[in-house]
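Labels for the chains are A, B, C, D, E and F, by order of writing; each one numbers its residues from 1.
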């Protein structure tokens, strides 16, 4: 099985670490292709970054379909371009936010999200509502660590996330923590050990859900809302992206 | 990995067919134990049947824990005893209704449920609400086929379910069908082929979700709501079920 | 009128005090039968206890029906077995949680629940949602007093509940307090006097609602969702509970 | 116990029949005072009628308080002036719409409302939402019988309501019928007999709820939202209504 | 264009200042008529005041219709009598609470309301729910400044509102402030300057919405729910208000 | 005042007709700039088209800000790129879907949407939920007229929309119609005349809301969720779009 894991931003180091997290979660016979768009923001920290990231995801799903990917994962916690990707793809497409929300709901009656910038909490809130987790998700907490500093040991990211998670568990009366950024995948095991509750990384969660769907023969429904894009010729530099 | 699949009713033929469906979905290195309670209803077709089935599930999870099961699946569409089972189990516990709802949400913007008796639709409605799928689930349709006639070719079950599903897709503007009874697992592939949309059987869905969680090291949260039952001595014939 | 008040746990002292609370609330011509199951947990402090209590409630409603009860009350704040009991009963069946929520909604724009163990708050939350009180119920507060210590003067139960209620009124901007355990019935009048707001005990509330329904000729609807259980033979020790 | 039942319109014949329905429901030791405002609309068939009816209800609750009423019932299905009445009253105040919704929820998993003019359905919808019954109330159906023709045998009111209720039960998959007008109280018993499901008349329901609350010592909370109106002098002809 | 701005209370000084706020917001060719009822409360600080204010609004809309008003504004934050006014009016009728909620939703993902008496917060909560802003409105905060002291420099109203708004922005994670009383219109510009976020005064907002609707040829729908009141003769002093 | 009206697709004829509709709605002293992106889909009929349209909107808002626009309107019914545009803009940004929903809510208790392709109904549903109109919007109806045929007299578009609207009003019990495509602006007046209820075109609605906000000094909140995009360098051809 080939799963194309798309890092919607253009930072190669992050693509590499997302790929590693995906491979660590994947079954032995799953091939993970970790890719990134040819254009767009180096990190996704707001709605404007997300608009361009969504276009980049569409670019990469189109290539994935051409290359025979069995499934796609969108590895940014805002799930940018998810619906468009599902129109393009024959197989399943999984966003890491939805993946994490779904799995967290299976191990706890309520969960809290710990994310990077407070200004992006509203993006998670909108997803929580659209996906139907507004009663399961008991809190969304910004740590105000910039995405590209998550890997920097000097940023103190681990301790700040740990601290935010501990407060979230107590204050929200939650039973699990969802990590609100693909860049936090590395920290997942250590956080789970320290917190003593399930900690869900969306990258790993999405890989398992994609594998599950493919192995069950379940693909994106092409009836109605996710039917293939209607063929038309796009203008300007987007012409190469025209649906056919 | 050992997954204990509990048929909450006491009909051995149904336990066997559920076991077969689970094994068909499971990965090569997963061992499926298909079991049923030592007591209770032969089929679950209402709230009263469900109360006893929930107790039977608790009996079987307790045995599963003693026997070292890595995860449990509750193979009745009402997910009887789910919360109690999560208190008892260290690993994940998945109900087939929730499993089907979660996977259906990943392949379609909306789904419809086709189930057996109309009188049990309210059970599914209550689960849909509790789990947060009230906007994703666009309809729940009873066919009024008794559970134990699903296997009987003379019941015309397949055609009636197919017909109900086709009407549901059109009327609810849905993109996927969820089968509302563990006894429908056999029909899943044929229905999917005929309908041309994803058809989700909860038994298979739950097995894959259980495997996913176990392989990610995600177990039921023991903080708070699903902590182990408090030790106390139960009275009467339930004494053997006393939490210790 | 004969109302069968079922204490779903097996602690006789608690059955007696629930019976006393029910009699204090009942009209002169109402006969209260306070009973408990022949099996199950001595107190209900989690989902596992509740599963067995629900079965015990079914046992007792069956006996109540045979004995000609006009109505049933389920005297545990999780309303265990409520839907099953309604299938079994011809007359009304009232849970004390729902009874308290309904009456509280008639005397205040919002109420707070003060209960025993924090781990059981999620049970109340699920009921609040299922019954439609999620906007009326402004908070659910655990005091972490074990159920069987409520009567013990050394537990300081009264002061702890009073303190929790006072904080709830202020913090939740509530106008009334709902007592979240049948074992708190004794404390109701004193709490109301001290707090200066309506304090609702579900046992008394349920008795009055049962009397009201019976006197109006309103019984559980037998059309559809609460129709009598389908006749079938249960296996094992549950055989005696088989619906006929 | 003295319960003041206020017909919010000014049609004396309707006040008399509401009084009769209330007395039929009341306990032996309850005194029913059926009254109507000194001003306002002869029937309430829209929001404009309702504004004046609400003022009339306030007039009558003020008189009831002066006269020592233990509780008030507002006998129009829009519950006009309910919140204001609760500010004025020391004892409980019950609207017939809320009363009917509460009792219907105790005997069925879902109910349908059958009312008079279709244009008033939106009033009931707003109440259903405010009170939290939006999942329990499965449909609101106008019959377009004018309120003051309900009593007229030539209007065919009974048959039209029966027909509408039968269709509602089937279409909404409901288990009970709520009568959406105080003027339908007479028809309640016959409808229940014909339909074979619980039929709830709000006048009777409200009387029993008022009796229940009074006998339990539960009065309108005076903390916060329903505190007595602040003393001030009203201008013009409303001066006599100034809170003191 | 003639817009009739109704101050629902009977304090002439407040009518004058509301008129001034409305004129400051209005376009050059809009004529603002600021009026008040001939009867009723001098300030609206609870449900009882509101009942009489709603009747006063009906009186004034009736006169406005007779006088050829193109639109009406109801200048009290509880939007008293809004639905009745829409039945009476041919043109649009806008309440200042709804106006402020609508405009706030266009400039921020979430807003907080700062109002006068805490006891009136529940009125705003009911409107927020009825209008559908329950996810946009992140908090409603009482300052407990009496309405008629808003203008009194000795009341310290400005500082108290400023302080409450600052805390609301931080605590609710809001991006805008809605002023919860027509009497706060004067303070709007200064508050916006001090707070650095949009501050919405409902009077100005309602005037612009009324102008917008009139200029687009959009009037209150007369199909169904807001059809003109049915002609009937009201009793007593309300007779002059009888719909014809 | 200068309002930049962005047609998110790249069909110049549609930009022109949207510009005409905007100018017809605008006040005398408002300058309408009707523009379209330099790239992207010629019509927006699904999620994939929308992703590229959102990027095009961002391009045009960036140019509008550089050019001193006082406000922006996004003239496609899916409101593509709305949140990103609000990050970029200092003044207000209004989507035509939200504009239409807001104004429709002021003239009717419920409205129905009539749109082009059925497959895009889900886009409107997601907006309805995100904006909070799920109770006000009583139905969304596809006519399956392709966007670019709306202007073609041979498509019979007017009659099909009229027919769909008439059925929607009856079936949904709605009081107003919202046109679900910017390309329907031309038809608005005729439809309103034929239907006898308010018909809301989002382009006109958005222009009036933008004018209202600008004239009140209300701009997009820059506190928190809509703060300016963080400066960073985008990769590839998106480099020119990098926030600074």
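Criterion: contacts are C-beta pairs under 8 Å (C-beta built on N, C-alpha and C of every residue); 3 or more make two chains touch, one makes a residue touch a chain.
Keep in mind that this is a model prediction, so the values were computed, not measured.
Visitor: Which chains does chain B share as contact partners with chain C?
Guide: A, D
Visitor: What is the shortest path, in steps, from chain A to chain D when you may only step between chains that touch?
Guide: The fewest steps needed to get from chain A to chain D is 2.
Visitor: What's the farthest chain from chain C if centres are computed as the mean of the Cα atoms?
Guide: Most remote chain from chain C, centroid-wise, comes out as F.
Visitor: Report which of A-E and E-F is connected by more C-beta pairs in contact.
Guide: By number of C-beta pairs in contact, E-F is the larger.
Visitor: For chain B versus chain F, what separation do you get between their C-alpha means, in angstrom?
Guide: The separation of the two C-alpha centroids amounts to 44 Å.
Visitor: At what distance in angstrom does the C-alpha mean of chain F lie from that of chain A?
Guide: Chain A and chain F have C-alpha centres separated by 29 Å.
Visitor: Enumerate the residues of chain D that touch no fewer than two other chains.
Guide: In chain D, 83, 109-110, 118, 121-122, 129, 135, 173, 224-226 touch at least two other chains.
Visitor: On the basis of the stated criterion, which chains touch which? Give every pair.
Guide: A-B, A-C, A-E, A-F, B-C, B-D, B-F, C-D, C-E, D-E, D-F, E-F
Visitor: Along chain B, where are the residues that touch chain C in the complex?
Guide: 10, 37-43, 45-52, 54-55, 57-58, 81, 83-84, 86-88, 118-119, 121-122, 126, 129-130, 224-227, 229-230, 232-239, 241, 243
Visitor: Spell out the residues on chain C that touch chain E in their complex, using ranges where they run on.
Guide: Listed in rising order, the residues of chain C that touch chain E are 109-110, 135, 173.
Visitor: For chain C, which residues are in contact with chain A within the complex?
Guide: On the chain C side, the touching residues are 118, 121-122, 129.
Visitor: Mind listing the chain E positions that touch chain F in their complex?
Guide: 25, 27, 83, 92, 94, 98, 102-103, 105-110, 131-136, 169, 173-176, 189, 192, 196-198, 200, 204-205, 208-209, 211-213, 215-226
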